[in-house]
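Before I ask anything, here is the structure I am working with.
Just so it is clear, A, B, C, D, E and F label the chains in written order, and each chain counts residues from 1 on its own.
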C-alpha cells in the first residue's frame, strides 16, 4: 500500500503545441490508474501553473467555436472536478496583470468541490520537493 | 538496476527530441535497467509500421526492435492519439502496445526515475 | 516593398521582426502571436507594438485563447480569416510567417 | 481573383499552425481565389486516411474535401516525407496528390502570394 | 519566358525542428522545377542565413555518426554545388563570434564553383526586396 | 532535493530554470540546449552557466551541431548517453526536461 505523487508543472503556452493539453489529460488519467495497480496502491497527480503556463487557465476560451476542439479551460476544470490539487503561481499572475477573476478557479458549475489555489512560487517549489516525480511541459 | 519511465510527446522526424529519448532508453537498457517508453501526441508517429528509411531522416525501428528483444523494454502508444492520426491496430509495429493514458501513470508507480519530454 | 508579417509566436521571432524594413509593413498577430496584443508584462505593452506598422490580430485566435477584442492594445485591429486573405492580396505584395 | 500557394511544414494535432493554414485556405477559396496547398515534413500527417474525429483534436478532413470539390484547391503531400512516416500510396486520402518537392517550387511560379509556414 | 525569384531566409536553429533542413531541401529542388514549367520559365532560389540560422552552416556536423542522418552542413554544401546564391549575415556572425573559417563557404571538394557570401544585413534586405516571394523558416 | 535538468532548448526555458532550486542541481545540456555551452553572444558566456550547479553537455548532440569538446565553456563537462543514464540514476533523485 503506497501512494506515488506526481507533480505536473505546466509552463508552456496553450495551443501552439500539444504539451500543456496533454499534461492535463494525462494528469486526469491518474483517476483510473488503479486498474493497473495492486489494491491500495495509488498514483496522485497535482497540477501547477507557472510562467507562460498560467495562460492555459484563462476563462472563456473559444476553441470549440472557432476550431471545433475542446479547450484547455475545459481540461483545467476537469482537474478540479476530479479533485486534483491545483496550484497557480502568484508572482506570474502579477507579472501578467491577471487575477483569480480571469481564471478557472473551481468546477462549481459541474458540481465539483475542489478550488484552485493561487500561491507564491515557494509553495510550488515545496510541491515539487514532496513529489516523487516531476513532469514539466 | 532500476526502472526508467520515459514519456515522449514530440514528433518523429526532424525533431531530434524523439531520437534523444530512444537513444537514452537504449543506453539505459544496455546498462541493465528496465525502461517503459510511452508515446503520446505526435510521438505516436513512431508507432506506425512501414516507415521507409531515408538518409535525411532518422530511422529508429531497428534500435527499438533490438530493445524489445531484451525483454527489458516496453513501448506503448496512446491509443486515442494514434487513432486521431489514422493509425489503427494493424498499423502498430510488432511488439508495440496501444493503451489509454493511465498506462503511463501506472508505469510511473514503480519507476525509479521518470523523464517526461513534454513539448514538440 | 509592402510586407505582411504573420507573427505566430510569443517568445521567438522578435529579433527577426525587428530588423525587417518595408515601406509598408503590416504585422498580423496569429496563433500564439496574439499575446503580443493582449498581454502587458509588468504593466508594459509589448515593444513590438512600437514599430511603425499596421497591426492586426486574428479574432479566431485571440478568442480561442480566452481574450476578447476589448483586451487588444488600442493600436491593434481585430480581423477574421477573410480579412487576412484580403489584406494579403490587396494591401501587401509579400507575406511571411514568423 | 488570385492564386495563393501555402507551404506547411508543421504538425497536425495540437499545433494549431496547421489548422491556421487550412482555415486561411478555406477563406481564400470562399472568396474565389485558387489555392495550392503543399504539405511537407510533419504536415504530411494531414495526408493520412482514416483519421478518427475526437473532441480533443481538430479534424480537418471535412473542410479539405469541401475545398477540393470547388475545383480551386490543390492539395499535395511531399512523397518522401510521407513514405518516411510509413504513409504509402494507399494511405493517401481521396483527392490528395503526392509529389516531390519541386511541385511546391513550381506552384510558386504562378502564385500571386506564397505563404511558407516553416516551423512546427 | 520569365524567372520567379524565391528568397529562402533561414533563421531557426537546426535539428530541433525540421524547419531549416526542409528549407534547404526545397531550395535545392528548384533545380528540377522546369519539368512543371513552360520552356524558358524558371524558378530561382537564393538562401540567406540570419540570426540563429547561421548555426545551420557550421562545419563538422556529426549527425551521420551519432544519429544516422545527413547533416544540414551537407545540404548547405549542395546549395552551393547547385549554384544557388547564398548570403550569410555578417552582423550575426560577429554577434556569435563566428567567421567564414567556421562555416560551409564553398563546395570545392565536390567540384562546385559557387562561394557563399558574408554580407551586411542590408544586402539580405535587398535580396528580399528583389525576390518575388519570401520563404522564412 | 537532488534535481537533474535536461535543458533541450536555447531560446526558451531559461525563466523556468532560473527559479528552480535544489540542494544538488545538475544541468545537462542536450539537443539545442548545447548552444548554452558552446556559444558566446557578444563575447559573453550564457548567464545560465553562472548558476551554482554541475553542468554537463551531451557529446552526441554538440558534435551533431558542429562543435567539439574544445568549444565547451570550462564549467561544462562532456558526457555521453551512458553517462547521462548514470547521472540520472546515481547522482540525482528527480529529472525534468526543459
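Methods note: contacts are C-beta pairs under 8 Å (C-beta built on N, C-alpha and C of every residue); 3 or more make two chains touch, one makes a residue touch a chain.
Just so it is clear, the structure is predicted and the values come from calculations on it, not from any experiment.
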Problem set entry | Neighbouring chains shared between chain A and chain D, ordered by label | B, C
Problem set entry | Number of hops, chain B to chain F, where each hop joins two touching chains | 1
Exercise. What's the chain with its C-alpha centre farthest out from chain A?
Worked result: E
For this session: Weigh C-D against A-F on C-beta contact pairs and write down the one with more.
Result: C-D
Problem set entry | chain E and chain F: spacing of chain centres that average the CA atoms, whole Å | 29
Seminar exercise, completed: Per the C-alpha means, the centres of chain D and chain F lie apart by a whole-Å value of 38
For this session: Send over the residues of chain B in touch with two or more other chains.
Result: 13-17, 23, 41-42, 56-57, 113-114, 116, 118, 120
Seminar exercise, completed: Where chain E touches two or more other chains simultaneously, the residues are 15-18, 22, 25, 67, 132-136
For this session: Check each residue of chain C and list the ones that touch at least two other chains.
Result: 8, 11, 31, 60-61, 64, 94-97
Problem set entry | Touching pairs among all chains present in the structure | A-B, A-C, A-D, A-F, B-D, B-E, B-F, C-D, C-E, C-F, D-E, E-F
Problem set entry | Of chain A, residues touching chain F in the complex | 9, 11, 50-51, 121, 125, 128-129, 131-136
For this session: Could you please specify the touching residues of chain F with respect to chain B in the complex?
Result: 6, 8, 30-31, 60-61, 64, 80-82, 84-86, 88-89, 94-97
Problem set entry | Contact footprint of chain E on chain F as seen in their complex | 8-11, 31-32, 35, 39-43, 60-61, 63-68
Exercise. Can you list the residues on chain D that touch chain A in the complex?
Worked result: 13-17, 19, 23, 55-59, 120
Problem set entry | Touching residues (chain side chain E, partner chain D) in the complex | 2, 4, 6, 12, 17-19, 22-23, 25-26, 29-33, 35-37, 41, 43, 45, 132-137
